[in-house]
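Here come two complexes built around chain A, the first alongside chain B, the second alongside chain C.
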Partner chain A sequence: MGLRWTTLAGFAITALIALFLVVPVLLSVYAGLSVNYARGISAGFTLDWVRQVWSLYSDTVWRSLIVALMTLALTLLIGVPGAYALVRRGGRFARIVEELVTLPVAIPGLALALALILAYGGFGAFRQSTLFVVVGHVLFTLPFMMRAVIAILETIDWRTLDEGAASLGSPAWLRFFDVILPNVRPGIVAGALTVVTLSIGEFNLTWMLHTPMTKTLPVGLADAYASMRLEVASAYTLVFLIMVIPLLIGLQLAADLTEKRTKS
Partner chain B sequence: MNARAEAFTRCGSAITTNALTKTFHGHTVLQPTHLEIASGEILVLLGPSGCGKTTLLRLIAGLEQPDGPNMIRFDGEDVSALPIEKRNVGMVFQSYALFPNMTVAENVGYGLKVKGIRRKQRESETKRLLALVGLEDYADRRITTVSGGQRQRTALARALAIKPRVLLLDEPLAALDAVLRERLRVEIGLLLREFGITAVYVTHDQAEAMAIGDRIAVMQRGRIEQIGAPKAIYHRPANDFVADFVGTMNRLEGRVSDGILAVDAEHTQARLRVGGGDRSAVVCFRPEVARLTAGPGAIRARVIATTFFGATQRLVAEVAPGRQLQLDLASSLHFAPGQIVAFDADPQAIIEFEKDA
Partner chain C sequence: MRSRSFDVLLILPAAIFTLAFLILPLARLTVEAGTGPSGFAGFFAILTEARYRNSLLVTLALSIVTTLATLALATIAAQTLAHRKFPGRGLLLSLMTFPLAFPGVVVGFMIILFGGRLGLVNSLSMAAFGTRAIFAYSLFGLFLGYVYFSVPRVLLTLLAAAEKLDPSLVEAARSLGAGPLAIQRDVVLPALFPAMYTGGALCFATAMGAFGTAFTLATSIDVVPMLIYTEFTLATNAGMAASISIALGAITWAALALARSRAMRDTKGG
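And then the complex of A and B:
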């Protein structure tokens, strides 16, 4: 009976915590759909706020997606070969580089953004382009990609795989594509999930880096909260959820699929 | 078997090393080594871990750079500066180094694909190699789903697929269990001979070395202690180290007079006919050359333990406390611990080393 009591208590506590976390989200969704949040359900429901948000802010949704994808592309291009190079190099130098790459995560986003603006603010075209935001995101997300790939590299015998392929006449670049990349895929997938999620939700850094023409979704959200009625801002949250949840599920499914393929 | 062998071009290069040396961080792991490996010969590098055998193999493979130029030649051509991917050597690794992202057939065909050989030809070549190692039914299996022995044979087929100039094997059986190891040892020996390929085979297992090698190089501390045919190594070891490493060796120390070695044994008489003039000597003999004798001039020793091996049994006996000998005798005989046995050894099979050799 003691076991049953603790199990029940466990359920209850878990449910309470889940509710505590979910209720604000649900309330927000509800507020975004209600005609007047202050008057409650009696005022009725509407999609007007969502429509208004879409007409005002749809560009931020697309920009967020583009920024996330560009960030992902860059972290893949830099992070995966970079991680392999670091593991291959090994030793103290590689450790120092790894720490340096991780540093931007520890530095407050605002400070990082300020540094970027100080350094590159003078290059007008670059400063005003979406690319400027992407650069900030890459700085911030790169360590997550690299760490995920390094973690997998440390579990596979990459050196022997590489030597095996070399003994069969394969040049270094081909060995990287033929035997290293396919075998670190789980790390790449995990890293990619993290990078996309972080990039889409990033506010801190982006808020400093953006211009009126390069607003991302979270920045637009802050705008809406600050300057519009509560229902509009809440509808914005709803749009964010509608966009992010399918994206995450899709990425996870894609990840599962590739994993199954490697295992079967 | 011959018909199958004809299907492959003989592609073994002769290997020459000239004062081949390797130093890691100021520590010489391979002393200057001169080797002549004939085309088609199978040379086994045998020794304990850390003796430099794997380093020597990796130098021949091109996975390590030698200390100087002009140290390694294939058929007279200096290959010292070529990295492994340009040396055309087949390599079988201890951990197999098979690619988990590919099937058995894809692994075997990888080297051909890299060479740019067209799909049709690649597939028929792969099929032929898989048949040779008895894996035709496993072609489309993932590497992760086949057994250790099958992986080992896949690795061998993959290395042979590129028609290498030499085949290099780094403890290829070490990861397998004892029964499989014994079976594959014979199989690999046959396969290598069938291919007629020059092979360098690294192992720490003397039984494996004897079964596979045309010649064996016994190594210790970065140098080759002795190189020769397995029988020569076993029956005429050059020194104590080789003698001990390639089998069990009994050792007796004493003075020889009138061709009889007298051992200072405490409570038993120990005399062995060895021949030759008067001298101080260290004589050695293998357990299997011991024979019971009733006559004088025998070694008398106290039985400590017996181990049954089937046709023979091994006696551990001591001539003095702490000075043990091992004797292989017919298992039909009965010995009890504490019993005294009298035996001698075939004088032809007795090996003598200089004292402190």
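And then the complex of A and C:
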């Protein structure tokens, strides 16, 4: 029996979507390594553009990494205990708090950034520091960390684990560190990878919050797209791709692991 | 009880952060919106002033068309990929969801490489027909950019729903003589509807608030986020920027809340 025409059409459309998504990325990689994009392959390949990007924009790469790590530290500190508290309490109150914390996902980043600037723009030192950008990133990524941890807590019997340890005389804070945290580790790992990936790629908030001294990678990219030749812009994009690909592979592995866990 | 005070301790960091950096700033935004020359009537400026209203209408139309196109494409791709094993399926899916990590500006750049002056389509068109085909900076280019970042998101939502659909239902309908359109209408789409609401709302809300892609491509098109940006930075009209921000935030939040409650009702109603 041959394939149905609907199946064939489905494959053709899926293939076209995949090409539309992937071909520009490949073109960008190619352009970043080509001597002259307009003249084509005959002009040859070079790493000069990547080198030029590094000398112009390496500070944005480091700043993005620092911002991502600081954001991760804060979301862990705020989000993991917060998620556990919400699951422990349950009920209407917890739902309202969760709704509130998740609000930054539903509101455009531009509006959040504007609100932050209006509220804290007068505090010069804070406004001009990298910490101001970090606060924006924590606001935006915190819901993802909390959801990841809540999702795992809902699949394990945390109450029995906690009560078991309590009956052995362990105090509440020690049970949190020794019993709960090891059990929600898959959620924390998935949440952490999401937070770092989102932070490295965040533009909407950062564009409003940054100052000339606190440019991150996506802010530098916007700058390069507007003012640099295509090869430099592409080489810079290549640097960004190299930063996020390991994170995405990690996310995929973490997702596969949790899938195996829940199935077994 | 001791456990109660421990709960308070657990939630305290989140409470302080949310209060200081979400609730307080949003309150400040609301106050700022009311301090414009027209006071709290400024909230409705997005409806009453022709320039803002046009911008809102263009953004709404663009977001709705983007959502419809994305849902159509993602529904087809999800059905093609669900319940099918073939070599390279995992890789294909990874490649199709890879753009999820791209900031809006990078998506804009991808569209420039696709439909700009040195873009793929223009090169092919020049080689084949000798005619120019540059559309990256037009409304169509912006639409393509929005579809580019929407498809991966919606595809993931719909694929999860399509995997849950029992393939034997489709087989049964087919053996009873139902055509492909009837199968879609009576079997597949009803099962995918909750996911389509959620995915569609997410897509619509993201498109309404998209700034990075518009920043790279929309040099001549005033979508609402660009309007907020120019009002705040170029016109230094913080009050107007704040009131448009609140209107935009209300629209995106309502779209997501509506879809969530509908999807919940549908799954409950079974």
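One rule holds in what follows: the second predicted complex is superposed on the first by the 230 of 264 C-alpha atoms of A that agree within 3 Å, B and C clash if a C-alpha of one lies under 4 Å from a C-alpha of the other, contacts with A are read in each partner's own complex, and residues count from 1 in each chain.
One rule holds for everything that comes next: a residue touches a chain if its C-beta (ideal position, glycine included) is under 8 Å from a C-beta of that chain, and two chains touch if they have at least 3 such contacts.
Bear in mind that the values here come from a model prediction, so they are computed numbers and not experimental data.
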item	value
Which of chain B and chain C A:Ser28 touches, first, second, both or neither	second
Touching partner for A:Glu202 - first (chain B), second (chain C), both, neither	second
Chain B versus chain C as contact partner of A:Ser170, first or second or both or neither	first
Chain B versus chain C as contact partner of A:Leu161, first or second or both or neither	first
First (chain B), second (chain C), both or neither touched by A:Ala43	neither
Chain A: partner with more touched residues, chain B or chain C	C
Touched partner set for A:Asp178, first chain B, second chain C, both or neither	first
Common ground on chain A, meaning residues reached by chain C in one complex and by chain B in the other	172
Interfacial residue positions of chain A with respect to chain B in the complex	156-157, 160-161, 163-172, 174, 178-179, 182-183, 262-264
Contact footprint of chain C on chain A as seen in their complex	4, 6-7, 9-11, 13-14, 17-18, 20-25, 27-28, 31, 37-38, 74, 77-79, 81-82, 84-86, 88-89, 97, 100-101, 103-104, 106-112, 114-116, 118-120, 135, 138-139, 142, 146, 172-173, 176, 197, 201-204, 207-208, 218, 221-222, 225-226, 230, 233-234, 237, 240, 244, 247-248, 252
Of all residues in chain C, those that touch chain A in their complex	2-3, 6-7, 9-11, 13-14, 17-18, 21-26, 28-29, 32, 73, 76-77, 79-81, 92, 94-96, 98-99, 101-106, 108-114, 118, 120, 148, 151-152, 180, 205, 208-209, 211-212, 215-216, 225, 228-229, 232, 238, 241-242, 245-246, 248-249, 252-253, 256-257
Contact footprint of chain A on chain B as seen in their complex	61, 63, 83-86, 88-91, 93, 95-101, 110-111, 114-115, 142, 144, 158-159, 162
